[in-house]
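There are structures below to look over.
What follows is chain A paired twice: with chain B in the first complex and chain C in the second.
Here is the complex of A and B:
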């Protein structure tokens, strides 16, 4: 009795705030037929925005795989003064509001850059903003795996004459791969959805630096809700596919253990 | 050798992506002393933005805390059909772009939508007003309390709750005296994360609020508007205030974080 009432309330809450509104997005786009959705996505400005978003997100995922793993490695295996502070800093991009993230990056990489590196209104600026907000994903998925990793195998490899690189590639990397992949996947899905951090640094120039989320926002502002719903559906679909693939990777890795 | 190379690589990356940019904003904010910062943060517009932010955040956190604790108890302690589906759906908001959150709410609660139209005829305006901003904030911060409480509740087990029940405690007494004290730190952790997310939300709120200065403008929207209007002092001051909230959140979360996670 109590369970039924509780589940009912939870489902109602979730439905009113999340499920029905999201269904309304897909419904609004799909109601016009697949042909309409495709046409809306193929509108030159939306297509350019989607293209930039996907390319930038792939770059961001790749950079994160490398740098996130390096940072996790340093945090687990290295020892130096101030490590605890560095470890805490990793979570800052999650805690910092995205609009502040954009503003902060503009201070170093904007028109008044003390480094004389001006990335404002450029595609590179978009990538830097996405790198900032996705920093914690790979670090925080790889770190616990690295902590748990049994070092006996590494010692064995060394004692059998394997060098550092061979040991890393043959012993450590296969163990880290699932975590690296899922971290990269999360960074990718976050990147394709990102809005706030790119708003200030990208300048939102259509056909150049406008990302998909900003394109959707533009359509909402010009009262083209159906077009906005079509581009949104495309983004949701990509995120959904990536998340399902991540789930498969996790299961596959779980079975291998 | 490799060790120092990797350390240098990691630290330089963090320095240029994170530390210098954040430090630079703080430094520029206080470049002319405290006076301009205080003036910027106590202008009518800023104070109002701060007030709106707090109202929206408190509502969203309160709603998500009640939902979060209730759902966590259901997921861990009860058995019902569709449990795995419910658990998966709770994580859904993480994968949705804030802009799509805004669009989704407009399509249901906007003036020209069936539900929104009906509500408006009965005197409740959701979109371009505070209720819509609360809904958007609830949406984006929905999983945080549930996900903080579930693992602790699982680890706690239900022996003590069963014992209390056997000794004649009512379900409410058991919940108040046994369950809540057991999960209090995890709950506090979840609430802190939820509050930080609520105070800092930008995209979803930007879409549903209509950005009406002096009415529906939150602190994050104030940062953007000030910056676009070349009022750097206000933008930097508000951004630094928000960054300070973020750092304090991190420190509190670090203290509260359940051990081993």
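Here is the complex of A and C:
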């Protein structure tokens, strides 16, 4: 009875907050038939924006899964002055309105860059903005697993003659992999929907640097809500498929052990 | 464990119930005190400073004595869509007519909204060429913008409804007010390779420009004046042939205080209000109100000269078949093959 009430609450809440709104987006897109949806997605500017978004998001997920794991490792295993502060800093990209993040990145890596790095209004600028916004996802999913990791297993591997690389590959990595994968999944799905941080630094040039979320905004401005919903549905589908694939990989890896 | 689940569920139920009760009571306390009326003004963002002053002036008149205002400012299209989806408004003020037309279609604004002397418009402006202080590259005409290596900033006309004024100003100027469509389109085709950044709004474009990107920016005259008032180092030239920007206002049909809303609308056309608009960079629509003067371009044209918004939106800004969609696409193909022009 108690469990039933718990599940009921969870489902009701999820439905109100997540499922019904998402279903409404898909419903809105499908209003004029599946052919129309496909046509809207295949509109040249939307297609180009989707391509850029997906490629950039894959790059971002790959880079951040490596760098995020390294940072998590350093935060858990190493001792250095100011570590607590660095640990706090990791979460700050979450706290900053992403449009401000875009503005700051533009000031730092734009035409008047004090660092003499000009990435603004290019695909590289989009990737940098997404890297900034999604870094915390991987760090914060890997970190607790690393903390819980049984050091005895590593000691045992070393005492049995395994080198550092073998120990990392055979002992540590398999334990971290699920967390890394879900971190990468979060970073990827966040990236494909990102608007605020990319809208300024990308320069919003169709067919070149316009990301999907900004393309959707353009559809809405042109009073083409069905088109906007169609492109959004494409993003939802991609995210859904990627999350399922990550889950399958995890299950497969889990069975293999 | 079971106990915990039950407690959590009970708590959740309480929170939900509390939230609902809260909503109910908030509604009841919404009405204002005796005698006073609250008008809701939903407007686009640029005239905010002007409206603040105009509202004060209105409240000093007998008609506005007991009228309070709830103001909301934002991107014109977003504001229009918000009202369309149910945001309560008594008076709406947008940057371009299609944002009112949207509300007319859904019965929220009377279809005779533009039947008055000024056809529903309250302010004018023109599209100008803004440059760096002192205009070091001597950019004064539409042709100057096509010079070697000149970079132009204008927002993306698909994400910014307001940016369509800029595109149509260039088109109208080079097509003899729409008579020679091919020449106008050919000019746009040459212009857009010079556009290095297409921000999503006019405000973002201004930001990009003052941050140092670009040699020229297509802007509304009032925005350029606004930037100058805020200490930005830029100059602007009014081209000889440019488009007259007209900003509409209307009273909504479901306004609870139509008399007061109408009175405010009438006040906007008084010399007092028009002068305040002029002081904030807008061209007054009523002549002879004083305030700063504005140069009259030799060959000024209107959106009506070019065929009206409905036809132009379809011809130029349809995502599939519009002229601009084609230009952007050619540009995309060209830039992905050639080195990036953004450098």
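Here is the rule we use: the second predicted complex is superposed on the first by the 218 of 257 C-alpha atoms of A that agree within 3 Å, B and C clash if a C-alpha of one lies under 4 Å from a C-alpha of the other, contacts with A are read in each partner's own complex, and residues count from 1 in each chain.
Methods note: contacts are C-beta pairs under 8 Å (C-beta built on N, C-alpha and C of every residue); 3 or more make two chains touch, one makes a residue touch a chain.
Small disclaimer: the values here were computed from a predicted structure and weren't measured.
Student: Quick check on the superposed pair: does A:227 touch chain B, chain C, both, or neither? Answer first, second, both or neither.
Tutor: The answer is second: A:227 touches chain C but not chain B.
Student: Could you say whether A:85 touches chain B, chain C, both of them, or neither, answering first, second, both or neither?
Tutor: Neither partner.
Student: Tell me the contact category for A:9 with respect to chain B and chain C: first, second, both or neither.
Tutor: A:9 contacts both chain B and chain C.
Student: Contact-wise, after the overlay, does A:199 reach chain B, chain C, both or neither (first, second, both, neither)?
Tutor: Touch status of A:199: both partners.
Student: Where does A:160 make contact in the superposed view: on chain B (first), on chain C (second), on both, or on neither?
Tutor: Once the two structures are laid over each other on A, A:160 reaches no partner at all.
Student: With both complexes overlaid on chain A, does A:107 touch chain B (first), chain C (second), both or neither?
Tutor: In the superposed model, A:107 contacts both chain B and chain C.
Student: I'd like to know which partner A:121 touches here: chain B for first, chain C for second, both or neither.
Tutor: Only chain C is touched by A:121; chain B is not.
Student: Please indicate which partner A:34 is in contact with in the superposed arrangement: first for chain B, second for chain C, both, or neither.
Tutor: neither
Student: Does chain A have more residues touched by chain B or by chain C?
Tutor: More residues of chain A are touched by B.
Student: Looking at the overlay, what does A:44 touch: chain B (first), chain C (second), both, or neither?
Tutor: In the superposed model, A:44 contacts chain C only, not chain B.
Student: Kindly list the residues of chain A that each of chain B and chain C touches, one partner per complex.
Tutor: Shared contact residues on chain A (touching chain B in one complex, chain C in the other): 2-3, 6, 9, 13, 103, 107, 199-200, 214, 217, 220.
Student: Show me the residue ranges of chain B that touch chain A in the complex, using the header's touch definition.
Tutor: So the residues of chain B touching chain A come out as 2-3, 6-7, 9-11, 13-14, 16-22, 24-25, 28, 67, 70-71, 73-74, 78-80, 82, 86, 89-90, 92-93, 95-109, 113, 135, 138-139, 142, 171, 196, 199-203, 206-207, 220-221, 223-224, 227, 235-236, 239, 242-243, 246-247, 249-251, 253-254.
Student: Looking at the complex, which residues from chain A come into contact with chain B?
Tutor: Against chain B, the touching part of chain A is residues 2-4, 6-7, 9-11, 13-14, 17-22, 24-25, 28, 67, 70-71, 73-75, 77-78, 80, 86, 88-93, 95-100, 103-105, 107-109, 114, 128, 131-132, 135, 164, 189, 192-196, 199-200, 212-214, 216-217, 220, 225, 228-229, 232, 235-236, 239-240, 243.
Student: Would you mind writing out the residues of chain C in touch with chain A in their complex?
Tutor: Residues 2-3, 5-6, 8-9, 12-13, 77, 81, 102, 156, 158-161, 195-200, 204, 207-208, 211-213, 313, 317-320, 325, 328-329, 331-333, 335-336, 340, 342-343 of chain C touch chain A in their complex.
Student: Which residues of chain A touch chain C once you look at their complex with the stated criterion?
Tutor: Checking each residue of chain A against chain C gives 2-3, 5-6, 8-9, 13, 43-46, 48, 103, 106-107, 110-112, 118, 120-122, 199-200, 203-208, 210, 214, 217-224, 227.
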